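Note that the chains are named A, B, C, D and E in the order they appear, and that numbering of residues resets to 1 at the start of each chain.
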Amino acid sequence: MTPILIAEQVLNGLQSGVMLFLMAAGLTLIFGVMGLINLAHGSLYMVGAFAAAATAAVTGSFLLALVAALAAAAAAGALVERLVIRRLYDRDHLDQVLATFALILIFSEGTRWIFGSFPLYLDIPEALSGPVTLPGGIQYPLYRLFIIGMGLVVAALLFWLIARTRLGIRIRAGENDREMIAALGVDIARLYTLVFALGAALAGLAGALVGAIQSVQVGMGEPVLILAFVVIVIGGIGSIEGALVGAILVGLTDTLGGIFLPQIFGLFMDPAAATQTGAALASMAIYVLMAAVLVWKPTGLFGAKS
Amino acid sequence: MSRERLLGAVVLLALGLVPLAAHLMGEPFTITLATRAAILALAAVGLNIALGLGGLVSLGHATFFGIGGYAMGILASHVQNYEPMFEWPVLFEGSTSMPVIWLVAVLASALVALLIGLLALRTSGVYFIMITLAFGQMFYFFSISWSRYGGEDGMSIYVRNGFPGLNTLDPIQFFGLCYAVLCLVLLGAHLLARSPFGLALGAARQSPDRVQAVGLDPKRLRLVGFVISGAITGLAGALFADLNRFVSPTMFSWQTSGEIMVFIILGGVGRLFGPVVGAAVFVMLEHWLGDMSEYWHIWLGVLLLAVVLFARGGLVGLIAGRERAHD
Amino acid sequence: EVKVGLITTLSGGGAGLGIDTRDGFMLAVEEAGRDDLEVVVEDDQQKPDVAVQIADRMIQSDKVDLLTGIVWSNLAMAVVPSATAQGLFYLSTNAAPAQLAGKGCNPNYFSVSYQNDNLHEAAGAYATSADFKKTFILAPNYPAGKDSLNGFKRFFKGELAGEIYTKLGQTDYAAEIAQIRASGADSVFFFLPGGMGISFLKQYADSGVDLPLVGPAFSFDQNILQAVGDAALGVKNTSQWNKDLENESNAHFVEAYLAKYDRLPSLYSAQGYDTALLLLSAMDKADISDKDAFRAALEAADFASVRGEFKFSASHHPIQDIYVREVIKEGDILTNKIVGTAIEDRGHAYEDECKM
Amino acid sequence: MSLLELHDLTASYGASQALFGVSLEIAEGEVLALMGRNGMGKSTTVRCLCGMMAAGGVRRFAGQDIGKLPSHKVARLGIGLVPEGRRCFRDLTVTENLIAAARPGPWDQARVEALFPRLAERRTQISGTLSGGEQQMLAIGRALMTNPRLLVLDEATEGLAPLVRQEIWDALGVLKRESGLSILVVDKALAELAQVADRAVILERGRSVWDGVFAEVKGEVAERYLGV
Amino acid sequence: MTEAILETRGLVKTYGALRASDGITLDLRPGEIHAVIGPNGAGKSTMIKQLSGNIAPDEGTVHFLGKDVTGLSTMARARMGLARTFQVSALAMEDTVLQNAVLGALGATSSPYRFFRPALKRAELRDRAMAALERMGLAGHAATVVSELSHGQRRQLEVAVALTLQPRAFLMDEPMAGLGGEGSQQLTSILDRLRAEAPILLIEHDMDAVFALADRISVLVYGRIVATGTVDEIRRSPEVRDAYLGDAE
């Protein structure tokens, strides 16, 4: 294992972390800041990817596909918020779990009903395809660098929105005491629709961006959902920095664990068994990480409240 | 008798009588469905102790369900394949006897619940939801790659395990067994909720500060509640494995945890018969809607949504009124 | 009067394969137009316990004589042993795990598709014949993945540049691709079914790594190829069937399928179709109430397979040729073309373990 | 013309009715004390007037019918609420609490901090960790920052030290004199109320049973309705 | 001088730069009501929390019944007989008044790890709980759910639950808060009788009650005790007037 390969794998870990952040960004708003357990978040991610794939198939433009993804997911989000979620803010988490679980069923099968049962095609735009050579001679796909860029931009925007704007303050106030912020004259209902739609749009954006290098298929959202929850919880609910740090930790653990654990076991086991055992442990690694973080800091790395 | 108890009695009676009728009319599959409902209800009754009484929203109860299932799978597969489980210090060949399997399932899931509880109960609220999920996922991925016991293929046990004095292969007899276990556990849960422990655990959910101030340790109360809860769900897992004569990692998946939780919310959180009603209705819906259309999940989703939005307190709440019983 | 229970995946992410299986099977059934054959179709949601429940119901309530249709090995392992133990026939349209081929074989169990290792073995054989010296191999970390790599190694004579088990359901392969690039391999064998394969192929194509890829048919099947796009062009993959196989039955099948469903058939469609043909041929010869006679009729495999010649081994698995295909473009549509034969008359590795 | 007018309010919590007919009026620039024993419906009346609860009867503010308005619209007409139990946004800092719902007007952060210097010292502290009294000051400051025409104080001096309490009463006096703010105050301290209140309404079991000049709340009236 | 029941020496607790407790030394003697008054944010609740064991002091010790309890948990102290009421009511809101009181009895009398016979059917628990409710005038509300009680009734229940512990000392954080004139008078007379049973460390901003009840008063300002004395001494002290009382009373 050469140093350059190690460096490349670390870069891959970081990259996968930022990509995870991008996927978790919308959930950070909805779950982290609004305090709503939205299991259907993965579905919004899927909606974005499908809208992008369908648009790209018709128009051939990646940019239009992204716009469509944002619009479709935001619209789906706003609709869901007005019809369902709005009635659940003052209920406990359990009702939210059941309702959004039901939404997963509706979204998944609805998507399959509209788009059929087979994966759709969505590809990287010409201008962003292929590898570039980084300093040190690492060949790295340009598109992945683009995703890192997008992830960081989204992180910065979110941080600014939540921590620095009055809108952010109001959302957080609403999470503490919805009735009170309304009684002080803030139209919290409309604000929440807006924020929910924004969270959904971010999910859709991630779905489209990531969908271009993955498979656009029904059910693509659920694994992402779990990962996104892991990321936010590790970072500490309500904290954007936390979500970014959590995402990068998870990305590194996942990538490096998958590569190095089998090699470590290879030192004293035969290769086939080592790669199996190593891979088995690697697939548990991020959950071990999450449990360890929570046992050590019960409200996540950056979280204050519980 | 309060309306809620009346409803509970009716549901329990129906759950007992329908399979009996089906047996007389020679429709064994209805019995299988009822057995499935009874076992899933049992799993949910277990979770309801942590969730309803203790306020511990565990999204990792599939862990215990799976452990119960694997207890059955591992014990029985060794007998099936003539490979003793261990020969030292004494020869143990595994077991195909349900009482033994149940004991192992309950002890193993209680032990794991104790360990998970010790760590997970350091957190609370949403963090607790997620840390229990994390443990569930660990077991899930572990079982997928644990090739000794089938990995993701799982294990088939060709013959249902035995129970002294019963022919468990006869659907109605196996149902009777599961039903009896469910009734016993329900009775236990009923007593538990009213017992000093139940009172203290309920108070620890509502006001941990108060519980501490009267000299009780809310963490320990929760831990004990979590262990009892996990053990019951583990028992249900062993029965479920025997119903299907099959175990696989899906028993550990987060969707399984989610479904067990859905039964409770659907039926009514913290209500004695909530899990029973929830599981029975869910199994029926799955069965009927599945026949209706290829896209039946949509309708299932719509129905579940309707329940959350319009029936606060779940189905039991809808029928028996919103207030929980106080006496 | 024969009653068949077809259990397959019709909802959720894996529904495509089940739908093709069902459509292929039903095409043959409808073409036969027999009124002594009834088929009950149910969705297993790709969940083992649901599959078991449906099988129970079909056996207990619908009183079916024969089960078929399951796509996934883990579901097959949940259903098949207890179904055959209860005296039912099971005809596999796809999943054919090692246990059912070897120690766990059963007189009432027939695999019409292959044994799970076959396509991987063929890939190994092809890699050898293509003179690959150092191959990097990867598959998900679950039983089918392990069987896959073992199957490949069984027929591959070169050296391994690396061996990786990925996470089941993994969607990002940047790290693995970096390992491949650094390993000095001259070729890559991968088994990543479903969405995993789509993700891998897209990312591989974009990574600039230019080594030849080999894989079993699953990631290059008709319905998946469109989602992979041009990234798949030129990749060699192994299959016991392709739509351009030249025989009368196949020509008819491809045309009728296209006409009826308005899409090209996939491997799963073909396997479903063949299974139904096998069943129909046995019904012509024997009554299903006479289990032994019916079993003998199945063993004779006297039907016009879309694969051309077809015969069963003693363990009730096909003995067949496995081809090498290449992904090409026909107009706008990505599809496969047979470019050679990887192994001829291949049975399977567990034949000796089967005592029946 | 009255600024606020409640007529024959009725309201329930689920099945149990809490208000059976509460009527009161506040004129522009007037300070009204709403009084009564524990559990008589004072806070419920406040909730109704702020649009936080459905109610029967007539509710008018500044000539507008507010009976059907959602609470945020009612608040924007110019009602600033200091609720029972403080209800600060516990995860927000002191400053964030103040600016969350602020609307432009004479009251800004500087002026609130001048009124409660303690808040200036604690600007960046998370409000959930403030002492009880500090939270109370924050709740009052937060309401003032919305620059209301009618300030509603529900037990706003509960848990405050006598000195601070005195300062608040003084401040209310100043507010009343200088800015002509109308105030509805629910409190139990008769002596202090006397410094600012013009009129009083007394509730008993969800009904307004006494309405008059504050100075007359003494002797038999106080004995009978308030138990002092 | 009689032996102090509860005693603390040199208690220090800091939050960042803030010294919320800055060397508090204080004792509570048998039969007395010792009131602690002080401006908002002076550190009164912080002190109570250290006495009850909710937070650990950075420095200093707490002795209860002659034993060093600094390292003991809240639960252990409560079991020794240290009862506390909260500044913000902490009760099981979905349970009935009686259930809340039984909870107290449960903590005081027995282990809660009994799983079968209903708690409310256990005479030893029930009697003890009812006795406490009766003393607080809540017996008539035994079956009422706490969330339906008015603010004042909840405060009474807080005290009732503490009573079920039959404690050796009370810590009370603003028990009068939110009570009307009548309610305060009632509670004042209850506390007055209670002191014979166990001494009370009372934090209260209601000066009428403090002056009526306290045997001794300590004044806490910026985490320090600036004066301790009888009611008259404290009333006359100009520093206390400036820092706290103003011209109240």
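The rule is short, and it goes like this: contacts are C-beta pairs under 8 Å (C-beta built on N, C-alpha and C of every residue); 3 or more make two chains touch, one makes a residue touch a chain.
Protein names from UniProt, one per chain: A, B = Branched-chain amino acid ABC transporter permease; D, E = ABC transporter ATP-binding protein.
Note that the coordinates shown come from a computational prediction; the quantities given were computed from them, not determined experimentally.
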Co-neighbours of chain E and chain C - touch as defined: B
Of all other chains, the one whose Cα centre sits farthest from chain D: C
Chain C-chain D separation of Cα centroids, rounded to whole Å: 74
Chain B and chain E: spacing of chain centres that average the CA atoms, whole Å: 43
Rounded Å distance between chain B and chain D, as computed from the means of their C-alpha atoms: 51
Separation of chain A from chain E, taking each centre as the mean of its C-alpha atoms, in whole Å: 48
Residues within chain B bordering two or more other chains: 141, 144-145, 147, 295-297
Multi-partner residues of chain A (each touching 2 or more other chains): 108-109, 112, 276, 279-280, 283
Residue list for chain D, restricted to those that touch at least two other chains: none
Which pairs of chains touch, using the document's own definition: A-B, A-C, A-D, B-C, B-E, D-E
Partner chain A, residues of chain C touching it in the complex: 11-13, 15-16, 19, 141, 146, 149, 163-169, 171-172, 174-176, 178-179, 181-182, 194-199, 202-203, 206-208, 223-224, 226-231
Chain B to chain A touching residues, read off their complex: 51, 57, 119-120, 122-127, 129-131, 133-135, 137-138, 141-142, 144-147, 254, 258, 261-262, 264-266, 269, 295-298, 300-305, 307-309, 312
Chain B contact footprint on chain E (complex, rising order): 52, 54, 73-76, 78-79, 83-84, 86, 90-96, 99-100, 102-104, 106-108, 110, 112-120, 122, 125, 143, 145, 161-162, 164-165
Contact set on chain C toward chain B in their complex: 10-11, 42-43, 47-49, 52-53, 56-57, 60-61, 73-74, 77-78, 81-82, 85, 97, 99, 141-144, 146, 165, 167-168
Touching residues (chain side chain D, partner chain E) in the complex: 16, 37-39, 84-85, 118, 129-134, 136-137, 155, 158-167, 188, 190, 226-228
